[in-house]
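In this document, chain identifiers A, B, C, D, E and F correspond to the written order of the chains, with residue numbering beginning at 1 in each.
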Amino acid sequence: MRAMLLGRFQPFHLGHARVVEHALEAYEGLVLIIGSATESYTYANPFTGGERHLMIQRTLEDMEARQVSIVSVPDIHRYGVYASHVADLAPPFDVVLSNKELIRYIFEKEGYRVESTPVFKRQTYAGTEVRRRMATGEDWRSLVPDGVAEVVDRIGGAERVKGLYAIERSST
Amino acid sequence: MRAMLLGRFQPFHLGHARVVEHALEAYEGLVLIIGSATESYTYANPFTGGERHLMIQRTLEDMEARQVSIVSVPDIHRYGVYASHVADLAPPFDVVLSNKELIRYIFEKEGYRVESTPVFKRQTYAGTEVRRRMATGEDWRSLVPDGVAEVVDRIGGAERVKGLYAIERSST
Amino acid sequence: MRAMLLGRFQPFHLGHARVVEHALEAYEGLVLIIGSATESYTYANPFTGGERHLMIQRTLEDMEARQVSIVSVPDIHRYGVYASHVADLAPPFDVVLSNKELIRYIFEKEGYRVESTPVFKRQTYAGTEVRRRMATGEDWRSLVPDGVAEVVDRIGGAERVKGLYAIERSST
Amino acid sequence: MRAMLLGRFQPFHLGHARVVEHALEAYEGLVLIIGSATESYTYANPFTGGERHLMIQRTLEDMEARQVSIVSVPDIHRYGVYASHVADLAPPFDVVLSNKELIRYIFEKEGYRVESTPVFKRQTYAGTEVRRRMATGEDWRSLVPDGVAEVVDRIGGAERVKGLYAIERSST
Amino acid sequence: MRAMLLGRFQPFHLGHARVVEHALEAYEGLVLIIGSATESYTYANPFTGGERHLMIQRTLEDMEARQVSIVSVPDIHRYGVYASHVADLAPPFDVVLSNKELIRYIFEKEGYRVESTPVFKRQTYAGTEVRRRMATGEDWRSLVPDGVAEVVDRIGGAERVKGLYAIERSST
Amino acid sequence: MRAMLLGRFQPFHLGHARVVEHALEAYEGLVLIIGSATESYTYANPFTGGERHLMIQRTLEDMEARQVSIVSVPDIHRYGVYASHVADLAPPFDVVLSNKELIRYIFEKEGYRVESTPVFKRQTYAGTEVRRRMATGEDWRSLVPDGVAEVVDRIGGAERVKGLYAIERSST
């Protein structure tokens, strides 16, 4: 059986890496969906789909996690067909790994099995916390895999997040 | 430098595999773009984006070609912004590998270097020929990597192509 | 069990009316999907979604066919998610009535049962024939229910089809 | 003259039913537009277009209100062309029934007559109040027609609204 | 009264210039709509919306035609709402100048007056003829205003058209 | 060198006029982009693209500012390709004039030079202030060029803004 894990990965962090490890132990393969793939350059979604793809690919190489497919999925803005939209773009999967109720609703409606994942320090290992630290200049590197930090550094990602945070705060 | 190769891969065949081998010798890495990712169930585009992703992933595993990113890109129906649309969804690349003049135009316009690729029996190793053989019941397996043939068999792909060909012929 | 019948209904004709009768005998209810709902003012699709809705509603009133839901569905241009798109907009149905192979493929893929419908003089009772007769000034009224003829007359539909045919022929 | 009534009908309630009764007394026919037809699975828009269609159809059958066309209209996200978008998908109408100023603006701009409707206990007979009661487990059945309650029960609608409310509250 | 003239202007030629002159004599002002504004890099639509805007602007400056608004309008792919889409993006106009029946249909439906324009050597002063000459290397400059020729030269437009023609011919 | 200035111009005010004057002194020409061109009939975006085009055109005529191209650009809802989307629809430009950090990010990423503009009483000469005064019935005419005031008066713009403000306040 193959599992599917869906996230925006803004950015991919150590909590995500733990779920990937868990999935690779429990299932034959994993489809990792980068959601909201065409969103970027906002404080909530600072990185492009392509940048996030690269961050994740680097990390999986370091983890030697080969049975993982990375698939970018643009938003379709229709929860009623979202499961079908993902299934159209992704290699086949049997189980959806998610702790989000909405994901559960819209994939169970299409007949998928949905399972919870173990949670690893949810407050710390969270995209919002990583971005908050980037915005304030605190340590964010300890929350992400090395491959992610390397890509973030190369594209000036922390500075971008800081800038986007300032933009958002000033326009309120 | 990293190269980019764009195709619809309906399906991925041995000609594509040769270009991938060439690219991995000549460049540090390769971004493989599955174009027209949301097109499927027509004779010209029989396989879904997800099915094509799986075919390619299997083949790259067999080739032990690890420095390849597979990225699905839906059509945007605007050549004027297509290069930018691809760049938004794909990890960074420097060189575009293509023998198509239109691709050359729209990527050179955005400042990319575009290079031709060696061609390998263009008439035989071609998506149209693979689909034609599937439609007529001739041997198509010798034109595609084993991993592709395996996926096509599992999803009943040759029968689907035969059916889509009949639909198209009858509606003319 | 409830059935679903999908067509463009350009316009709704007596062949369609027969299938509706058949469906209402065999099933508890019928969902009638007006496909390509936002297409209009071409020779292939001369009538707007709203005009087609009205033609069908008049006919169903005359037939006293009350267990029918009329639902307009715009094209989504993705066969891979089309079944899900229809299901999102339509009241629930169990069986798809269709003689088209493509419809069979894309609804069976989502787990629907697809059944053929009896065909009633397919060459004559066909949208293409009705439109051809409108374009050439031949008798088209005998091919459509009275309610449809009445709506076509009120909106100047036959003249519109004649005009659109001339446009198409001149631009070839 | 035919009237048009536009709403999201999340869900259709007794206030809406009163307006329908009023319209059928005052006009020859009614076009009932289900707006935001592709929105679903949010607390503000919990039900799919198809589910809402069914709720309304059941109610109209019970009311023996036959001169009503039900038409689903997806959002076009452009107020400047919205009236034309509705007119393209709906059977013809002459008068728009609405108490909303924005609807008045955008339909009067296109030459439609817009009339107010009698209001029936606006605080109670309101979609927000029905959904609030579903979310909190209070009595919502007394606010909706029997046909609506029946459909909501069959699809587990009240539980869904409760779940969506929890999701929304937790993400604030 | 203000007139509106709609075209794709691929490219703007002397026939168009004559119609503009005619319009400025007969009406107080002119709205010039660049249709299919996001189409480019095909043989039928070689120039981007921005390039066409520049060609027309140069020509109008040379003609000292100041009462003209240039407005780019992307396709909406729905004839049923196209008139409203144009009206939303353009300054107000009263009369539509067109010899195309389809344009007549869809603007008269929305209450506009549609008038024919004088035709000036239709076979020669035509976008298809200008593009054909660019593709074959024949004289095209005599068919377009100087300002257009200047812009075409600066962007390598004739070479582009020649290339796009070759692409199209080879893919048939 | 040609400059580009991007705004929503809801409405165009004297602060904008100053920047245009500045740009015409410093550069050979100016491309003035009307952003969010299809947004209208909200309090934040009360005027249609066509209405804003007319306001600006009137003002430029009064300023005798001839080297200005006015180009309407609909939102594409993807910052990652926005610069390319603008470049596709606009005549060529070299420098982007903007004091907004987000604009700086997304145009510098595509290789454009971005320059700040002199600011002229930012609190007063601001779209939000003009709309606020329209909503409250205070003097807004002194903040906009005469040509803008004339167009606003002709379309009943201040009353519309007042109405939209009331709608927004009541729905909070």
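We take it that a residue touches a chain if its C-beta (ideal position, glycine included) is under 8 Å from a C-beta of that chain, and two chains touch if they have at least 3 such contacts.
Small disclaimer: the values here were computed from a predicted structure and weren't measured.
J.: When I count C-beta pairs in contact, which pair ends up with more: C-D or A-C?
T.: C-D
J.: Do chain B and chain C face each other with the same patch, meaning over half of the contact numbers show up on both, or with different patches?
T.: different
J.: Can you check how far apart chain E and chain F are, centre to centre, with Cα atoms defining each centre and the answer in Å?
T.: 26
J.: Rounded to a whole Å, what is the gap between the Cα centroids of chain A and chain F?
T.: Using C-alpha averages as centres, the distance is 37 Å.
J.: Distance between chain C and chain F based on Cα centroids, please, to the nearest Å.
T.: About 46 Å, centre to centre.
J.: Mark out which residues of chain C touch at least two other chains, giving numbers and ranges.
T.: 38, 40, 48-49, 78, 80, 87-88
J.: When you check every pair of chains, which ones turn out to touch?
T.: Pairs satisfying the touch definition: A-B, A-C, A-D, A-F, B-C, B-E, B-F, C-D, C-E, D-E, D-F, E-F.
J.: For chain D, which residues count as touching chain C in their complex?
T.: So the residues of chain D in touch with chain C come to 37-38, 40, 48-51, 53-54, 57, 61, 66, 69-72, 74, 87-92.
J.: For the complex, which residues does chain A have touching chain D?
T.: 78-80, 100-102, 105-106
J.: Taking the complex as given, what residues does chain B use to touch chain F?
T.: 78, 80-81, 83-85, 88, 110-111
J.: Quick one: in the complex, what on chain D touches chain A?
T.: Result: residues 38-42, 48-49, 160, 163-164, 166-167 of chain D touch chain A.
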